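Shared between the two complexes below is chain A, which pairs with chain B and chain C, respectively.
Entry: the complex of A and B
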């Protein structure tokens, strides 16, 4: 177990290093640099700035300087937002993205398990058909469409009621979070419902369920203790990739709802070639995703003792 | 014959005669195949046909392909052509226009019959898309006026809308010529005090703007057969846009078709490329095995671990979009580079499994060459899985393209793609929702069709992956 964890962590570190290196050289191969903006700088100022940021040195040397700083946990200062440290940007805006993502995953998992179990219990009856139709819709409609339509209908609902039940955009209160999180989680919820349904159907025809019925357990108890617990395993497996997809896929929802998350800074940084912010956010997101997947694998073996880690 | 089959311990062993070894001849009573045997693919096709949802999705896919490739031949409208008379036109909207004289400046004195005798702020001429003329009675003590325009009815001093003009002095008329559309506008007038500050009082007037067109424009745009009979006051029909126009007056239907070409080009070609690459990569690793397999799969693991969207965006930037380029090729390359490992893993797993099957061992024992094994056993047995993967890869690619274009990192304007159209539509969502809803619906329908088709194909082709429905 400990050996396995150690091995996975080591692999994770190598992956993050790989991501950092690939991003670094990819980024530097883009023509231009953060100083070549629309405002023309005169040659002396430019030379001074280059010297200050170390851009006058060869890329390979910059790479080693960057790696050294990164190991010390220092991603440097943003080129485009003066006097703002990349660490500060991450510290300030990642919690927003993380809160939104976590809430979305929560919505997705809760909804997926609930609806999946329902469809299996009502197999080939009306609730099953209705939910499965919605699931197909959820898989087929992109999140930005949900976001836009959700916002549009919220505006209309607020207009009709004459007061606002939920704020349409922005960030700050729980009310601000609900709609974006729901919208962000819908696709994953649909996917999880599907997964839960097939896993539940498999469990329902298992021998131990028949045994449980035979020894006279109540249907509720069978459902709660035997079916749900066993059927939920595959859903937990996809939780890792789901968190990954949701936190990175949050860009668009953040964009539509004007939420000050980290995604916006990343997209902005890429557009402006803000080297330090690109590196900081990419490495941070990369590490976050890699370790999320490892965590889920470990949790999985803890929940299901049959899964052996090697 | 029966006696020969008796238990060996039977006491009497009859002697064998040569006639015992003669052929029996054709047995007419042997079981016969009643139905012709069907191949795997025929069988799969039968099963697919029996699946109603899959069949519907197949029709949808055919319909989409027709829409994309035959559509522009039928609907010959340039998707980049701007119809400036009909901007952000909703589908089915009134496209009649009144023919009028060319615009002439207004002196603020003349007034049409309808408003004469009205007091306060009033519309002084028939409001049309050329101009809306406002006139008002001077407010006592006012040092000037501020004119506002809103498309919604103002609910108070704070919701007067767009400030159009600040008028100094005693002038008591204003002519609005700013981007007028045939809809209802609410004009508000706020008097300024001597110091130029706005007070809390305001007056509002409603103007229902009519679409007009000049004779010259009618002739230039070829809207009537006989221009010589055209008189101001006539009504003409403007160009027809079945799905309306976007915020630059471009025909939505033509743009949807052009966007379909981009979206389907990426959505079909990119999966084809990365699935093919994944198949070759995975099959090589699985078939050769050993250290090469290890090495190949480690590399695939690394690529999988890359945060997909971040790298998608980075690749887009690295490959760069030059001026005049559409950005389709960089997106394809990025998609292929990042998406192949899933297929490679799947195919490798399949190959490893098939390699150990008894029939492969049997074929090997009978002296089958590698080439024979690959072409006769490996490829036919993995083809079903590959086809299913390919079908599911299409919606993913379309999603990715739409997503990137939506955040403005995809195809470069003026190239239309469904994603970029959604992005543009989002800005006018509240006033002209059709600009968002049509491209969004196209994406959803396409993804839905390929998802359902993938489900159907999986059920038809691969018994092991069959969903439990």
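Entry: the complex of A and C
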């Protein structure tokens, strides 16, 4: 167990190093650079700026400087938010994305498991058809459509009522995050519903369920202990990557609802070729994703005794 | 075997058969095409399971509700804007709420170069001169100024104060300007100070910044020596790069000047009391401001930072912000609701620039003339872009540019741009003859990836194919890559735009001078260069304006560019808020003259 954990962690570190290196050289090979602007800069000003940011050195040297700084946990100063350290950007904005993501994942997991189990129980009957139709909708409609529609509906509801039941956009209270979290979690919820449904159907036909029924267990106990608990396994497997994906992929939702999350910085940094922010957010998100996958594998062995780690 | 048995006993009430049937159903997976008879309603297991599921659902809802309280606490930790009013107009506290398009990238005036920072800066800082409610230059920290040849003297008022109570002195300006020009500062807009004696050499690192021609003779007199006399220096000093910085405070911030609300010293109408990065900013009236009586608001909140126009409109509709730019969809509703609408021209011109490098076909004047002759900016604006506030451009010089006694364009009129396909084809034939070509190879149109640029490039593709048979290849690039290609000259035509840096036509007129680095098509014409030099060095207003007129004419006749549109916005304001001004220079949206009219709200 400990050996296994250690091995996985080591693999994780190598993965993160690889992500950092690939991003670094990929980023530098893109034409253009973070110092160019709509206004052309003359040679003097350009040289002054390059010296200030250390861009006047060869890329290989910049790579080693970057790696050295990264090991010390310093990602440098942003090019576009010129007074802010990348560490500060991550520290101030990741908690926002994480809080929103956490609620979205709670919505997604709770909804996915409940609806999945429900559709499996009522397979090929009306509740199944209705929910599965919504699931297809949830999977195929992109989140910016839901976000825009959701916000517009909220404005109209508020207008009709004459007071705000929920704020339209912004950040600060749980009211601000209800709708965005729902929108953000919708796709994952739909995906989990489908997963849960097929997993549940598989479990319902398993031998041990027949055994359970044969030995006369109460239906409630069969459902709760044998069916639901076994069927939920695959959902837990995808939970780790889903948490990472939701927490990091909130760009559109954060933009529409004016939420100061990290997703905005992640996407805009690439558009702006903001080298330091690209590196900081990519390495941070990469490490987060790797960590989540490892966590799920560890948790898995605890939930499912059949899985033994070595 | 079991299946056959079941088929007969499908409706059997016996419990064991029931279970068997259940299993059978599960075995054939949901994805199988086999359709099974619906389960009987009296299915015990399903019922029990559903009850159980309902119970779980109830528990989940309660758990989620509990989780919300925890999350509410978390959310309040990540936003210290607690207690900030989220109403568009807070009558009781005399505060207005607005928004910012993005987080201000750089609030250190020495290094700042963007519009959003400039807008906030105009509320919390003040330079020697400022723009008043009619967008005219007005005295700021300087109560009067005088230019004598290449010497400009500013006399500072004695009641100008920093927000810590210290007086704003001429030394604060001298320090700021010299720091802007110090190579180590890495200021992108240092070039604005180049008219000052020795400024460029100091920025180059050739001489010490001590030798720059700016000197605080005493606390209240600032003397500037210019490299050569220019007529527009006073118009430049209202720009944020020229704003004062308190040296003692600056040194004490350890390079973090402008990074946070408490890392700045203010001398403008407002002070910044809180700045939650990426989320909000709160400004409060500055009691130390010398003209505090003029400021009627007690505060201004920037409660949101987003550029999403639909979100902003929704926030306005929900009564959370006092001003919003409108999209065409929202415009109809706004007119229906009779909201107060205004138009604001941002002062920028967008145009299609030709590549004039020797190896390019677009160097041929007749080809350019042919393209201009089928170009119709009003069709582009009214039938293609269709955004409220956009106006067709006729020339490089936008509408706000003033001549001697009135609008520049009226004093130096150009023939209107009219589509003349026949004449265009003649010019195209001449171009082909001159180039010795049978047929024109496809031209590359470099475009950015914004929605407007996208639709515009596709429109051009169609126009030039239909009227001239010219194929355009669209090369769509994101911002930085487009700039890289523009600078490298890797295009035939490119969609570009220009906004003014200071309030003088020269900010547009020198754009196509052969030495200008922003002349990315490398247009070079000694005749135009000569006119630019007159406009730069002459002190006679009439002579300068005539030079602008000549430049204006040359650009049209030589088809240096094809004018596309001038960008503007139709915006809506809360009926209770009066006196919002939108400037081409200084603050794009200026609340320093705004006030709340309580009565206007009553009939709302």
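The rule we apply is simple: the second predicted complex is superposed on the first by the 304 of 310 C-alpha atoms of A that agree within 3 Å, B and C clash if a C-alpha of one lies under 4 Å from a C-alpha of the other, contacts with A are read in each partner's own complex, and residues count from 1 in each chain.
Note that in this section a contact is a pair of C-beta atoms (placed from the backbone, for glycine too) under 8 Å apart; a residue touches a chain by one contact, two chains touch by 3 or more.
Computed from a predicted model, the values in this text were never measured in an experiment.
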Chain B and chain C placed together on chain A: clash or fit? clash
Partner touching more residues of chain A, chain B vs chain C, is chain C
| task | Once the structures are superposed on A, label A:230 by its partner contacts, choosing first (chain B), second (chain C), both or neither. | result | neither
Mind working out whether A:118 is in touch with chain B, chain C, both or neither, as first, second, both or neither? second
Inquiry  = For A:148 in the superposed arrangement: first (chain B), second (chain C), both or neither?
reply    = both
Please indicate which partner A:19 is in contact with in the superposed arrangement: first for chain B, second for chain C, both, or neither.
first
- Task: Give one of first, second, both or neither to describe whether A:256 is in contact with chain B, with chain C, with both, or with none.
- Result: both
- Task: Applying the touch criterion given at the start, work out whether A:92 contacts chain B, chain C, both or neither, answering first, second, both or neither.
- Result: second
**Message:** After the superposition on A, what does A:201 contact: first (chain B), second (chain C), both or neither?
**Reply:** both
**Prompt:** So, does A:27 touch the first partner chain B, the second partner chain C, both, or neither?
**Reply:** first
Applying the touch criterion given at the start, work out whether A:218 contacts chain B, chain C, both or neither, answering first, second, both or neither.
second
Only chain B stretch among 24-32, 78-86 or 222-230 with CA clashes against chain C is 78-86
Shared chain A footprint, chain B vs chain C, residue numbers 30-31, 148, 151-152, 155, 198, 201-202, 255-256, 271, 273
Contacts from chain C onto chain A in the complex sit at residues 19, 22-23, 25-27, 29-31, 35-36, 38-39, 44-53, 56-57, 60, 63-64, 67-69, 71-72, 74-79, 81-82, 86, 99, 103, 105-108, 111, 113, 183-188, 190-191, 200, 203-205, 256-259, 276-279, 303-308, 310-311, 314-315, 317-320, 478-481, 483-485, 487, 497, 516-518, 520
Listed in rising order, the residues of chain B that touch chain A in the complex are 302, 305-311, 313-315, 317-318, 320, 395, 399, 402-403, 406-407, 409, 422, 425-426, 429-430, 433, 436, 440, 443-445, 447-448, 451-452, 467-469
The chain A residues in contact with chain B across the complex are 15, 18-19, 22-23, 26-27, 29-31, 136-137, 139-142, 144-145, 148-149, 151-152, 155, 198, 201-202, 244, 248-249, 251-252, 255-256, 266-267, 270-271, 273, 278, 281-282, 285-286, 289-290
Residue set of chain A touching chain C in the complex reads 30-34, 36-42, 44-45, 47-49, 51-53, 80-84, 88-89, 92-93, 95-96, 99, 102-103, 106-107, 110, 114, 117-118, 120-125, 148, 151-152, 154-155, 158-159, 164, 167-174, 176-177, 197-198, 201-202, 204-205, 209-210, 213, 218-220, 222-224, 227, 255-258, 260, 264-265, 271-273
